[in-house]
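Next come the structures, one after another.
The following pair of complexes shares a single chain, subunit A, combined with subunit B in the former and subunit C in the latter.
Coming up: the complex of A and B.
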């Protein structure tokens, strides 16, 4: 009887382990699901970016349109930057300044500029949702965050063209929402953190309604990004993501 | 008499301004208050003055197929003597199914370059007599009508007509350009023709390119070919080439340093190393170094360098975005050169100026 015990224990372990191994998601599958949950055929949203420092809060309002994983257009509607627009399409980012009637094409390092004095760069704001094109993912562990079960993954940049060489993200095991992210240098120095404060549900998906971005290099500074309205898969005119519309 | 005329202009403008003010409902006011201390080396004296710039912008709602905007500008140092002195912009844009029409007083940005832009054949302003304290170094507007015709998502053709300087229909200013992007390279080619007052008609073809090779680069070139006279000689002398590079380097603590270096050359200009004039300087450089110390605080050093007469204008400035749309600004500008140079220290104007002020948009 006792001779059979190790074999029985092994069998029992295998019975539990095999199904969980069969159904466990790989790191790449988690990232793909995460990207897919954040991607719609088309979207239209309005929102605000609030930057707070020790002198107070500055608010920028925006409208945003997106199509698929790459195309996006953002138009600022607040007084100081009214009419400024950012168009992101495959491989290019264009800015339009209405005061100078100037169309600027941004490439390379220029994308890293801070947008409207916030803790968000042009690159952050219009990032393509093809994470695995730019990063390799490694599943580190599973742990709860905000009372939600999460996968904890480390993303390591494949190229130098991305904003952050290392990202550590907490991905909801059920909704695949990124609840928290830590952005670091190659040497592991923490630069920024992002945390989702509120969510909303649309089209059976959970999306961030309000996120806080903190620059760890600055004291008493944070950026709050809020989505005030969101429309999933609206019918958008194809011409929205064109230079003609950008300069309109 | 001038004062009376100015009052009439201001009254007319006030009436023009008030009508859309009520219709628009969203006037935007920009206000700069810039106390300045200036030193004149020629007179060996200091003067002080407050420069107050006021901008009133009235825009239509951002919806529908017709949009428009009126921008009125003025400051306490110059008395407006004409409608155009105060009306910086007054235009509408109408979106038709296959093209867009713009008419009124506005600006069109052709070519590439922050200070030097050989591709700007519409305004042709490559003058070095510019204040480096302004955010926007070139902001000339003009009365025009333009048609923009999209040719795909990232290409378009544009045609422009401006009133003639002689008020003769055959002397109209005409221009057209083609804008496209091919595999990471932005290309722009165009042509303008104008008839300056008392001179022969001039034809200006241009080409402008922009790309990235680890840093952003841009290059523009244009010619001004007169219809009469020694056109070959004059065309050679008018050949303008401008180019620039732009690079942003991230620094520790989320700071960034940006470098822009522009150059303007007239290849068949006067390359002798003596005093040069603004209109025919064979080589000019514009370096700009900016440090974004934080998203709210930045420092910049801008300079125009004339290497042939070894003179330069330099401006160090800082902008602190304290509150929403409210900035504290400061700058120090000076010219360094001998008498007769492009930027002489002993000029009739200010040799050195220090400004500390504020700007607010509400």
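Coming up: the complex of A and C.
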């Protein structure tokens, strides 16, 4: 009996270990799920961007449409920016200003410029949801955040064209929502942080309702981005995401 | 003997004329260079002062009290109220003219090309006392109020291959701390005296700039010209107090000299140049020292004879000093005269530094006009004469110490 004990222990361990190994997600699978949870066929939302800096607090209102992982359109509705639009299509980002006869194409480092003086860049606001195309993911550990069990992953950029060479993200193990993110340079200098403060549920998915973004390159500055209304998979005219339609 | 010393000294100059000419030329070249250098510096200083007062700050500049503190963040929203301040300025007896301006750095888009430019919003009709715009227009006309029109520096237009009728889109930060873009049409090409203004500025009607930058009637700065003889610092303080008293708003109101570090540096540089001038003369004087020493060794026989005949050592020193003095007077007279005439001529035709100053952001005109000054020319003449004469003192003293017996050995 005693001779069989080690074999039994081994068998028991295997019985428990094999299923957990079989069901454990790889870092790439976590990222894919994370992207899929944030991606809809189409969306329409309204919200606000509230920026607080050394000069005070400023609020801008917007309407936003998106389609799949890449296409998105944002239109500002608050008085100061009324009519200004940002269109993102595959590989390109365009700005439309009502008083300008020409569309402004943002490229290269210009994409990292602050949008409306906030802590959010044009690239942040319209980011594509295909993370694995640009980053290599590594699962570091699991730890709770906001009383939620999270995967902690480090994303390392594959190319130099991305805004943040290193990202450290806290992904909810159940909803695959990114609760927190730290964006750094290759040398580890912290550039920006993002933290989800409130969430809402739609179509069995959990999405951020309010997030706080802080550009660490700016002193005493933070931005609250709030989604006031959200509609998943509405019927959208495909021409919404074309340059021709941008100047409607 | 004492009375004949100057005559003797003067005659000695011609005994070795070539050496005397060499000494005089050394002093003349030094004096001429210094006169020209100071003329150029004076011209540069006057030009900078004029440009600063016309194009940058006026004689007094009024801005929001926090503007300078946050200037590097381009705080377009920190403006001043022109409508409220203009009547206060009109009541001030020291104020000759005032103009509102808005400076706004922008990205200029032409197709897919981007270029960073400095935009200036002005009321062209109200700028007479500061900038004579009509005389600067090389092509086209001045922009009109209420229209999206701009005047562009000729170098910028050339670099960007732009001409009259072309349109450019400007993207800039607004007073609401957002961004906005607007398309302007080029209706005029201007040639400014300052290279950086030609290379990167565009000038637009202030009302359109206020709309573009969402400034809600505010302006960024108010430039003030004062009546002749006004104490700029004192009047600036007085204007600041009046604005605070009547509007309850504290402004940053300062004179142009308090605002422009570059001008202050130029004035410090002038003091440094006075020392450089002194060393220049000392350098020139080494030629005289050398020549006088040669003369003394050459005339050793004569010195011995004069000593044997009863001439005192001090008289010998004075003889060579007088000789040096005459050469110095002649040399510095010729040098100062040539320098003065040369400066006068350059002041008329101007010195073209367009190539050298291109790409340099300095408030100095591309063509500089050196300034002549009779007072300065006379000071330089005296300065050159005294230093050159004193430099002959060293070898002259040597002559006085020569013993007659020793000198007569050369016989």
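What we mean here is this: the second predicted complex is superposed on the first by the 237 of 248 C-alpha atoms of A that agree within 3 Å, B and C clash if a C-alpha of one lies under 4 Å from a C-alpha of the other, contacts with A are read in each partner's own complex, and residues count from 1 in each chain.
FYI, a contact is a pair of C-beta atoms (placed from the backbone, for glycine too) under 8 Å apart; a residue touches a chain by one contact, two chains touch by 3 or more.
Every value quoted in this text rests on a predicted model; they were computed, and no experiment measured them.
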*Will subunit C clash with subunit B on subunit A after the two structures are superposed, or do they fit?*
clash
*Of the two partners subunit B and subunit C, indicate the one touching more residues belonging to subunit A.*
B
*Using the touch definition from the top, say if A:24 reaches subunit B (first), subunit C (second), both or neither.*
neither
*Using the superposition on chain A described above, determine whether A:95 touches subunit B (first), subunit C (second), both, or neither.*
second
*asked:* I'd like to know which partner A:80 touches here: subunit B for first, subunit C for second, both or neither.
replied: both
*For A:54, select first, second, both or neither according to whether it touches subunit B, subunit C, the two together, or no partner.*
second
*Using the superposition on chain A described above, determine whether A:215 touches subunit B (first), subunit C (second), both, or neither.*
first
*Tell me which stretch of subunit B runs into subunit C once the two are superposed: 94-102, 112-120, 166-174 or 220-228.*
112-120
_Common interface positions of subunit A, toward subunit B and toward subunit C_ = 51, 53, 55, 58, 80, 99-102, 105, 107, 110, 117
*Please name which positions on subunit A make contact with subunit C in the complex.*
51, 53-55, 58, 60, 80-81, 84, 95, 97, 99-102, 104-105, 107, 110, 116-117
*Using the touch definition up top, name the residues of subunit B that touch subunit A in the complex.*
26, 28, 59, 62, 67, 69, 93, 95, 100, 106-109, 136, 139, 148, 150, 153-156, 179, 181, 184, 186, 210-212, 214-216, 246-250, 252-254, 256, 258, 292, 294-296, 321-325, 361-362
*Residues of subunit A touching subunit B in their complex?*
51, 53, 55-59, 75, 77, 79-80, 82-83, 89, 91-92, 98-103, 105-110, 112-114, 117-119, 191-192, 215, 217-218, 221, 239, 241-244, 247-248
*Once bound in the complex, which stretches of subunit C touch subunit A?*
70, 73, 75, 77, 109, 111-112, 114, 148, 167, 169, 171, 173-174, 176-183, 212, 214
